[in-house]
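These are the structures in question, set out in turn.
Two complexes, one shared chain (chain A), two partners (chain B, chain C).
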Partner chain A sequence: MTTIEAPTETHEAISPDASTPDADDGLLSLLTTTDHKMLGMMYVRLSMLFGVAILGIGAVVGIERSQPDSIDLFGSVDQFFQAWTAYRVGLVFLVVVPLFLGLATAIVPLQVGSPAIAFPRAAALGFWCWTLGAGIVLAGFAIDGGVGTPFDRSDSEAVALTLAALVLTVIGLGLSTVCVVTTVIALRPEGMYLDRVPVFAWSMVIAGVTWLVAFGVFIGNLVLAYVDLRGRAPVLYGQEQNIFGQIQWMFAAPQVLAFAIPAFGIAGDAIATSTNQRQPRYGVLLGGIGALGVLTFGAWAQRAFQPSNQNLTENGVYVAQGILTALAMLVILGGFASAIVGSIRNIGRPNAWFIGAVAGLLMVTIAGDANVLRVIEPLDLIDTSAETSVMNYALIGALIAGVAGVYYWAPKFLGRKLSGGVGSLAMLGLLGGTIALALPDLISGFLGEGQPEFVLLGYEPESSVESLNVIAMIGAFVVAGAFALAFLDMLAASARSSEVDLADDPWGGQTLEWATTSPPPLGNFAAPVATVRSPQPLLDDEAPATDDGTEAN
Partner chain B sequence: MLTTGFKTFFGWALLAVFASLVYGWVSGGGGVGPLSLGWKGGVGDHAGYGILLWGGVIFGALGALLVSFRDADAEAAAHHRGMNSAPAGQRPLDASYWPLVAALGAATTVVGLVVSQILFVVGIVLCGAAAFEWATYAWADMATGDPDANRELRNRIMLPMEVPMLGFAAIGVIVVSVSRIFLAVSANGAVLVAIVVASLIFFGAVLLNFKPDLPKNLVAGVAMLGLVGVLGGGIWGIAAGERDFHHGEEGEEHSEEGEGHSDEGEGHSDEGEG
Partner chain C sequence: MATAEMLDLPPAPVVPRPRTLVVGTALGCAAVAGFFAALISIYVGQRQQTLGAGETWIPSGTIELTPGVFMWFTSLLSIVWMQWAIYAIARDIRKHAFVALSLVAIFGISMINQTAYYFVDMDFPVDTNAASTLLYTIVGSHMVLMIVVVVAAVFVGLRTLAGNYSSRNTDGLVSVALIWYLMVAIYTAIWYIIYVTK
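So, the complex of A and B:
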């Protein structure tokens, strides 16, 4: 089961023995590397470290929300708001997006049979811009800044620093996205047409393009707020009570669902490997993911710039976008479900990454469905806690899939397998925690619980809502704990000596990354990649594919 | 031939343009306003209409780009260049400091934008230096087909400029940073700092002399830590400010607070103490 055949003239291979400054992983090589595997590994490690901190902040916010009338952890509404917004900003820009980009930076070049990522130095620049920007963003929140406060009592210089650093962070993520997308578009081997690229690589192209378009608008929002804030006296956009409202669209549906698109790609690759079958109707799957790219583009739906007499739920495009997104997600889920049901006996005892991929897929799909409820006007869920619920389902669902990806591809970018038992425990904890965290907020939304809890700090919610808030708090702690467990497992694996006898393809994968050693050599492939004839090149030696992607008998 | 990439992005473009028209009409645009980009009649909500339409333009441009290069398929690339086989893909590149320097420059610019003009200028200079270096690397990468020859070519041109400039920059940073530390701490503290720094440099050099085969990464790491320490100390010194100097009436004698002695009380002058 291999595609590494007698050398063809296509795509020159790089000798694994070639001398390279990245040969060891000392401090100097970490600082100067342009090797995509090392950059991806650093992205993954750092984003997971940030994840532990950000999910911890979410849990502390949960404590405050559980008993707002008697618990006062923050001292003021403004500080509570800073933590509340830090959770949102951090979850998107410090955890979920960089985790996916880290995986993509490490894995996508391998998946498309390329010796390196496109623009390796730009990929390194993207990582370092993100790292330094993220550090300054966190510092900005810590020194009484952030993205504004409702009562305008934060340090405006620290707010300006946070906004400027957020621009740097987003530019870093954008650079990395460009490198990943260009790799898929331009560095594929012979025969790997765009409709034959692996699902994860395809999902990163779709998500990447959507992110890049949205990032541009988001930077525009930030610059507008910054310029007004740093002027003599803020007129409107830079007034601290208005800043978060202008960037809120980034953390609400439909845009927040765009950050979860790679979850479908990870699930696609993991499910295909686990079922040991070609994914049926591959084109429909790629088309469904492509549709998500368009349908989750949310930069246009900016509530802060809506006419005051108009609600987004009165807008036909907005409602149709929500409904079609859910439909596209259900189509993809149906395709995966049919693949699993058709090959259930092949799965056996599920791996941690399979559990995580399916769990993440379910959570993200529920986010899409919950968003349908949100956009239906008579239900009146806009600006209720249902918004938080959709965000948590989408982002933490994406995070579960991201962690599943780390477990799945660890042999390639760590050179080690992670612990299956610990991984399964972490995945189940993340699944249970996400449901406990997000479902109560959805129900609370129906009961009229407001979205801007910060304004209501000190109020006494209804007893039913209070109980639901307690469940959500427990969910937040379970999510944070399970995520920390997965992070520690990865650190422990990194500390172990590398597995010298680790198989090239320990899971029975179908795509090109499993055709090289674990970890891969410099240049990724010891021999040139042969012409690709199907989306599952590693299965082609066993049974060639027909035109519709199924196996020929 | 319409490629997969073209069909994907062109589909998105059509959908985005269609969405912009629908959005224009449902948000209060006139009959032909959204169709004529607002030339005849209103387009409704300008922000949403504009963003959706702009999305359509971007997707359309991406689609056109992809069809021009036939999705960048390897066969198409070979055909384009009149070759029998596809050209080599992106090669792995050497390690480079410049991405990190550029990112440090960008971060310094961001912090300087808010905190200090000097930092802002330093950040811009770092970004400019990184951009120049980057450009020479990019040029050298494509000079010949041999990476080693490219590296040698690049070094032959750039090292005569880099070494003295980096030397000046390092000396400047160290001198400025150490001087800020000396000015921020007390007179005795400054002497102590000077002794410690000089001793570290001296014993470090002795160690290197007797153990020339120390791991390069260890030496580089320690040097980097030392530089960061000096730089951090300098920034701290700038933030803390100079210690109080009480100048005498003639402006020649001065004393320092916190030293337990002053010109006025005891006629004790710092001048002459070194």
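So, the complex of A and C:
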């Protein structure tokens, strides 16, 4: 048997008999809770709510792009630019990253057999910083602020407010990331070496470390712009037409691919559960995800660091980074494919979360491959709509995987299963919508369509590009609609009373979160977690594992 | 009688500590390092570009070298006191650890004071050019963080004196030391890149 010594602050409140606080306990319990499942659930709900709004903004931007010469929804180029940047900023910091962190906050402590998350009060502080910051960021965009405009026509006070709120948002996400990563590194039970950590927990460690360093760099950019902007005429960094250019690296490959790393973790756990087999070559899978953490770090590729007038495609490291990232993703995908093909009979009728996990995995891998086209110099796709394509493939692919994670782990943090039929419909809608949204932009990039400069410069797209933009607009609406469907399904499930007979392990999972009740008690496990002997501890009673994670016989 | 029985008991087993605070602090340090690496890289890149165009970066005589050199030596010396605190708590000498941390805090306050003197003495308004904006952002951020770390050092020192840390639990001191060493490393970069080579 293993004993786990958690810090006093986490341990003293833990009682296996205590129940998880519920929303019925009142507003005060919501505001003051340090229970990681509750915090994770609030993160997931709020990020999905923001997701509906942000994807809606993306769809409206799609309408404008489809007929830039005849449709004038925004009234000015500056306002179009504000919406265009709000979509990017929102998708990363209000939707994708918090959705993953919400899932991780709720699930990772369970996966590693810990009675609580590390630094529970810091985790709560992180959530509330993010909530407050995200609300002000949206307000900043709404009151003519945002992250600058090309013609310097927004309200500079509102821009300063948006920048400050964005710093608060990122600090909140950073705090939550520290809590999740520390939980995996420091609170594992006996026998769970790092090469036996569940894939999702491992992917959060890798992504978390990459995010933290990138967040630091990003806050540096924001603080510099804020200092220059505030209170007087800006010199350079705070000039509105320069602000987004300094932070654009955060929303372009390779950095944008780092936000999708947890998608591989969710796919790993979901595929293993669905195939009911131990994942073959587990070490290679963990190594591949680890390599992605290094290869997708893109803070160094911002223009402020580059010698003047040097194109990034002339930088050998940048090109190699793009190619190696795609290779690592293909290796991981190949491993998953071999697991699925080898156990196809076990899958039967696929669950919604399995469809979503595989769809998200495919979209993110396509993002990595499309980025290879982007970084190859002769194709000249830098600063074209191919950048938007790679971003959408990566971020919405990650979003699909995140929604799949919500469906997969809902019994643990909601105490209820979500609707399989609605979920499957939402996943297929998200998959189809993502392809319709992102593929036309990739083709348009080859046809020479630029980033939003095509509007700024009065560029009239060719008729073929116009047609592609219409398809992309339809894709944006499908994505927004499918995501809203999944969100409503989750809300409807939350409104239902708890399923008293919900099984501890309704899917046949292999990792420790399925060894406790659904939902788990405060303290997570009624008894100390037994010594872990493989990456799939719940299969060990059925078939002992060897050191490399495969079954002994 | 009871005392004698207690003395016969076997020693308590060493409790394995998960070192959560140290791991969390190291992760936070990675983010802080990223923050300053970004700003200093922008400073160096912009300086190269400005000087390459034949323009003035920081006017000569703006930054006196002497206070910066003293600050740098102060920061280097503070590492010795911080290491003394770690050494002392590893041997359960709580009073020494407290004194060492207090000295570290005093050295930190003197560094803050010297930075404030720089701000007054430089006569280089923040909106002069890109150099001034970068200088005040980098040095100002370092000073703000230094204030936070000094408060943390005092807090940990008091907790040490109160018996919250010992050779069995050095996490608080090790964490503060980790941040402190990072602050000294960042100051070294600031001193050389901004104050010396301008």
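Throughout what follows, the second predicted complex is superposed on the first by the 520 of 553 C-alpha atoms of A that agree within 3 Å, B and C clash if a C-alpha of one lies under 4 Å from a C-alpha of the other, contacts with A are read in each partner's own complex, and residues count from 1 in each chain.
Here is the rule we use: contacts are C-beta pairs under 8 Å (C-beta built on N, C-alpha and C of every residue); 3 or more make two chains touch, one makes a residue touch a chain.
Everything numeric here is computed off the predicted structure, so don't read it as measured data.
**Student:** Contact-wise, after the overlay, does A:S29 reach chain B, chain C, both or neither (first, second, both, neither)?
**Tutor:** Touch status of A:S29: first partner only.
**Student:** Tell me which partner touches more residues of chain A in the superposed arrangement, chain B or chain C.
**Tutor:** When the residues of chain A touched by each partner are counted, B comes out ahead.
**Student:** When the two structures are overlaid on chain A, which partner does A:I219 contact: first (chain B), second (chain C), both, or neither?
**Tutor:** Only chain C is touched by A:I219; chain B is not.
**Student:** Contacts for A:G133 in the overlay, against chain B (first) and chain C (second): which applies, first, second, both or neither?
**Tutor:** Only chain B; A:G133 stays clear of chain C.
**Student:** According to the stated criteria, A:A233 is in contact with first (chain B), second (chain C), both, or neither; which is it?
**Tutor:** So A:A233 only meets chain C here.
**Student:** Give one of first, second, both or neither to describe whether A:F305 is in contact with chain B, with chain C, with both, or with none.
**Tutor:** Both partners.
**Student:** Once the structures are superposed on A, label A:S70 by its partner contacts, choosing first (chain B), second (chain C), both or neither.
**Tutor:** A:S70: touches no partner chain.
**Student:** Tell me which partner A:A186 touches in the superposition: chain B (first), chain C (second), both or neither.
**Tutor:** After superposing on A, A:A186 lies in contact with both chain B and chain C.
**Student:** State whether A:G174 touches chain B only (first), chain C only (second), both chains, or neither.
**Tutor:** In the superposition, A:G174 touches chain C alone.
**Student:** Counting contacts the way the document defines them, which residues of chain A are shared by the two interfaces, the one with chain B and the one with chain C?
**Tutor:** Shared contact residues on chain A (touching chain B in one complex, chain C in the other): 118-119, 122, 185-187, 209, 213, 217, 299, 305-307.
**Student:** Hey, which residues of chain C end up touching chain A in the complex?
**Tutor:** Its residues touching chain A are 15-21, 23-24, 27-28, 30-39, 41-42, 45-46, 48-49, 126-130, 132-134, 136-137, 140-141.
**Student:** So in the complex, which bits of chain B are touching chain A?
**Tutor:** 3-5, 8-9, 11-12, 15-16, 19, 22-23, 26-28, 45, 47-48, 51-52, 55, 58-59, 62, 66, 71-75, 84-86, 88-100, 102-104, 106-107, 110-111, 113-115, 134, 137, 215-217, 220-221, 224
**Student:** Of all residues in chain A, which touch chain B in the complex?
**Tutor:** 8-12, 14, 20-22, 24, 26-29, 31-35, 114-122, 124-125, 127-129, 131-133, 136, 157, 160-161, 164-165, 167-168, 171-172, 183, 185-195, 209, 213, 217, 230, 290, 293-294, 297, 299-302, 305-307, 310, 315-317, 321, 522-523
**Student:** State the interface residues of chain A toward chain C in the complex, per the touch definition above.
**Tutor:** Answer in residue numbers: 4-7, 118-119, 122, 174, 177-179, 181-182, 185-187, 208-209, 212-217, 219-221, 223-224, 227-228, 232-238, 299, 304-308.
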